[in-house]
Amino acid sequence: MRVSVFRKEHFNAAHRLHNSEWTAEKNHIVFGKCNNPNYHGHNYELIVKVIGEVDPNTGYVYDMKKLSDLIKVQVLDRFDHKNLNLDTEEFKELNPTAENIAIVIYDLLRAKIDKALDLKITLYETERNFVEYPV
Amino acid sequence: MRVSVFRKEHFNAAHRLHNSEWTAEKNHIVFGKCNNPNYHGHNYELIVKVIGEVDPNTGYVYDMKKLSDLIKVQVLDRFDHKNLNLDTEEFKELNPTAENIAIVIYDLLRAKIDKALDLKITLYETERNFVEYPV
Amino acid sequence: MRVSVFRKEHFNAAHRLHNSEWTAEKNHIVFGKCNNPNYHGHNYELIVKVIGEVDPNTGYVYDMKKLSDLIKVQVLDRFDHKNLNLDTEEFKELNPTAENIAIVIYDLLRAKIDKALDLKITLYETERNFVEYPV
Amino acid sequence: MRVSVFRKEHFNAAHRLHNSEWTAEKNHIVFGKCNNPNYHGHNYELIVKVIGEVDPNTGYVYDMKKLSDLIKVQVLDRFDHKNLNLDTEEFKELNPTAENIAIVIYDLLRAKIDKALDLKITLYETERNFVEYPV
Amino acid sequence: MRVSVFRKEHFNAAHRLHNSEWTAEKNHIVFGKCNNPNYHGHNYELIVKVIGEVDPNTGYVYDMKKLSDLIKVQVLDRFDHKNLNLDTEEFKELNPTAENIAIVIYDLLRAKIDKALDLKITLYETERNFVEYPV
Amino acid sequence: MRVSVFRKEHFNAAHRLHNSEWTAEKNHIVFGKCNNPNYHGHNYELIVKVIGEVDPNTGYVYDMKKLSDLIKVQVLDRFDHKNLNLDTEEFKELNPTAENIAIVIYDLLRAKIDKALDLKITLYETERNFVEYPV
């Protein structure tokens, strides 16, 4: 009786897309407005999916309150109301595209969730642009 | 030419999370506010996914009007504006978590849909908490 | 420079529509499925609108964090995960229709917000049924 | 490091469901209101999912601006503000059900996207009826 | 104790914007893609607002089930799955812009709702374009 | 025949709430996480409401394409993918709260729209926090 359970959270952050090994011109060509030196920002909507067996005693795969608390400690306290490029260790060297943010969030949560449970991250950068990891 | 088709419906119900083999104290610790003895409730959003071949005569996998009617008879007439714990056979002994409700809805619909078609249930308990079955 | 500011919150509750001065038959005719004796429930979405002058020092009409905290204490702690008919003083005698819930919430918040500020409540009982007070 | 990236776009179109090999009566029985001879219409919401490796230089699987431009040229310029049955080559003979529209859009985009990338189409005909291809 | 109550419904229709007193060229300049001779279409989302006193016996301003039924008979049966220009009396001579559709719906409902109640129509032509009448 | 018409657009920006006449400590106490020196950001959803007479020749109050173009030139080109504090003239001295951004957008559009038409701005900073101006 494996079921997927999902918890949606959100955080607001500033970021800039930039490859420090490229010229300013190449960065501008590749990343366009997202390369703005003074940053721009987003309301990130995050959906965390946990897949596992339903516990017959609780009827839960994972307590949603505990999942929400875990996301708060591991993700929101780290990224909410932050500048991803300047204020976080994770994106000091890594370009904070939605793809990379999703992978980083996956790794942060994967380390804290029982390996018997599978995990997937969906991250909305805008209502029209979003990503999932793993596929 | 297999395509997935989805139909979204909703129902409103009261429920209480409770394990009758546990003490009141343990129930309160595990289920928190969801254990309130007088029940609380939700607007459940239900998405039924049916996967199958496109019929070349109709261009349909499944007639959405018939799927809507089937969901009405099998799910909404049974659970809409009901107290899941008190008013339904299905949850007299089974804890009405979102996980268990999704499994019950799957079984109700699975019995009425051609086995050549695959079936998946997504159930939103709130905008921020939802489940899928099977995974 | 008067501006309206809005804060959206939500709570989940069970309720039953019922007029204790009417017969069971009349209650059933008037309130239909909403009269179910064992209750049903909703995810209530609440939008609180506060209208006032922008403070030139802060650029705020009302600190949204403080408004959220006020709604939590006055509304969510009172109604969230409750049975409105059984668990609350406000609806022991008052029929918990969306109209009446909005008026009650207005009165609870009106008593705690500076009279120089105007106040309006929008309450969604479902995505398709909602109310505003005052008009 | 395979990630799925999604781009949401929309178009508005008129259509009619009809099988030219059937009698008017049979068409009416099978397709109901959707068979209206003078057409009806929809706001189609389209989600294009592209699955592939994250480019370590950009942090992108696929540049969302380029994906949006590709969808504009291949899909929106072809179907937006059109009568699918009368104004398009693709649905002159093919019944424009959501299933068939999704397959046609998949084929149009598949031809223009590197085969190393996987592709999936989600098409909302209404908020309550939608399809995915491939499954 | 005046409260506003709202009911949301939807219908799907085809239409074409056109002024029959203008040349084809002028119609094309003014209405652009919306002038397509073979029509296009929309999922119209309709919100009907009724403003009045709360009945102390019911706690209702207006029974939402009755309002939904009234909208079905007066609006949906008339416009749903129709071509507004060809299939309706109302838009045979009147250009079916969102503004005009809202005014027509207002007049249809105004004739059937007690004059002690005020009425307002909100009509979404797309998620990004919508209108209200009266102001 | 006055009707309100609405156009929804969006932009993404970084900002920081800060009063330069206050100490760092007071700024932190008043603005909390929103005072982060390296900025954070939002997906701003903007709804522009224009109120006026329906033109009998077009059935329009205001051509939505022209309104969208006007918003693009006056608002999006100025604020989209920008740091409001650093990259714009408007917020060099003015604290970029949602209230102030709405007033600034109102003034920018008011100067370009015929005075016979009324204007109102709704600005969503997040799904849960939004403002309207004028009231």
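We just call them A, B, C, D, E and F in the order they show up, numbering each chain from 1.
One rule holds for everything that comes next: a residue touches a chain if its C-beta (ideal position, glycine included) is under 8 Å from a C-beta of that chain, and two chains touch if they have at least 3 such contacts.
Every value quoted in this text rests on a predicted model; they were computed, and no experiment measured them.
Chains making contact with chain A as well as with chain B: D. Each chain gets a centre from the mean of its Cα atoms; the one farthest from the centre of chain A is E.
Mean C-alpha positions place chain C and chain E at a centre distance of 29 Å. The distance from the centre of chain B to the centre of chain F, each centre being the mean of the chain's C-alpha atoms, comes to 41 Å. Taken residue by residue, chain A touches two or more other chains at 127, whereas all remaining positions touch fewer. Chain-to-chain contact here is organised irregularly, matching neither a line nor a ring nor a star, and falling short of all pairs touching. Every pair of chains meeting the contact definition is listed here: A-B, A-D, A-F, B-C, B-D, C-E, C-F, D-E, E-F. Listed in rising order, the residues of chain B touching chain D in the complex are 1-9, 51, 54, 57-61, 63-65, 118.
Interface of chain B with chain C (complex): residues 10, 12-15, 33-34, 36, 38-43, 80-83, 86-87, 126-127.
Listing the residues of chain B that touch chain A in their complex gives 17, 19, 30-32, 94-100, 102-103, 127-135.
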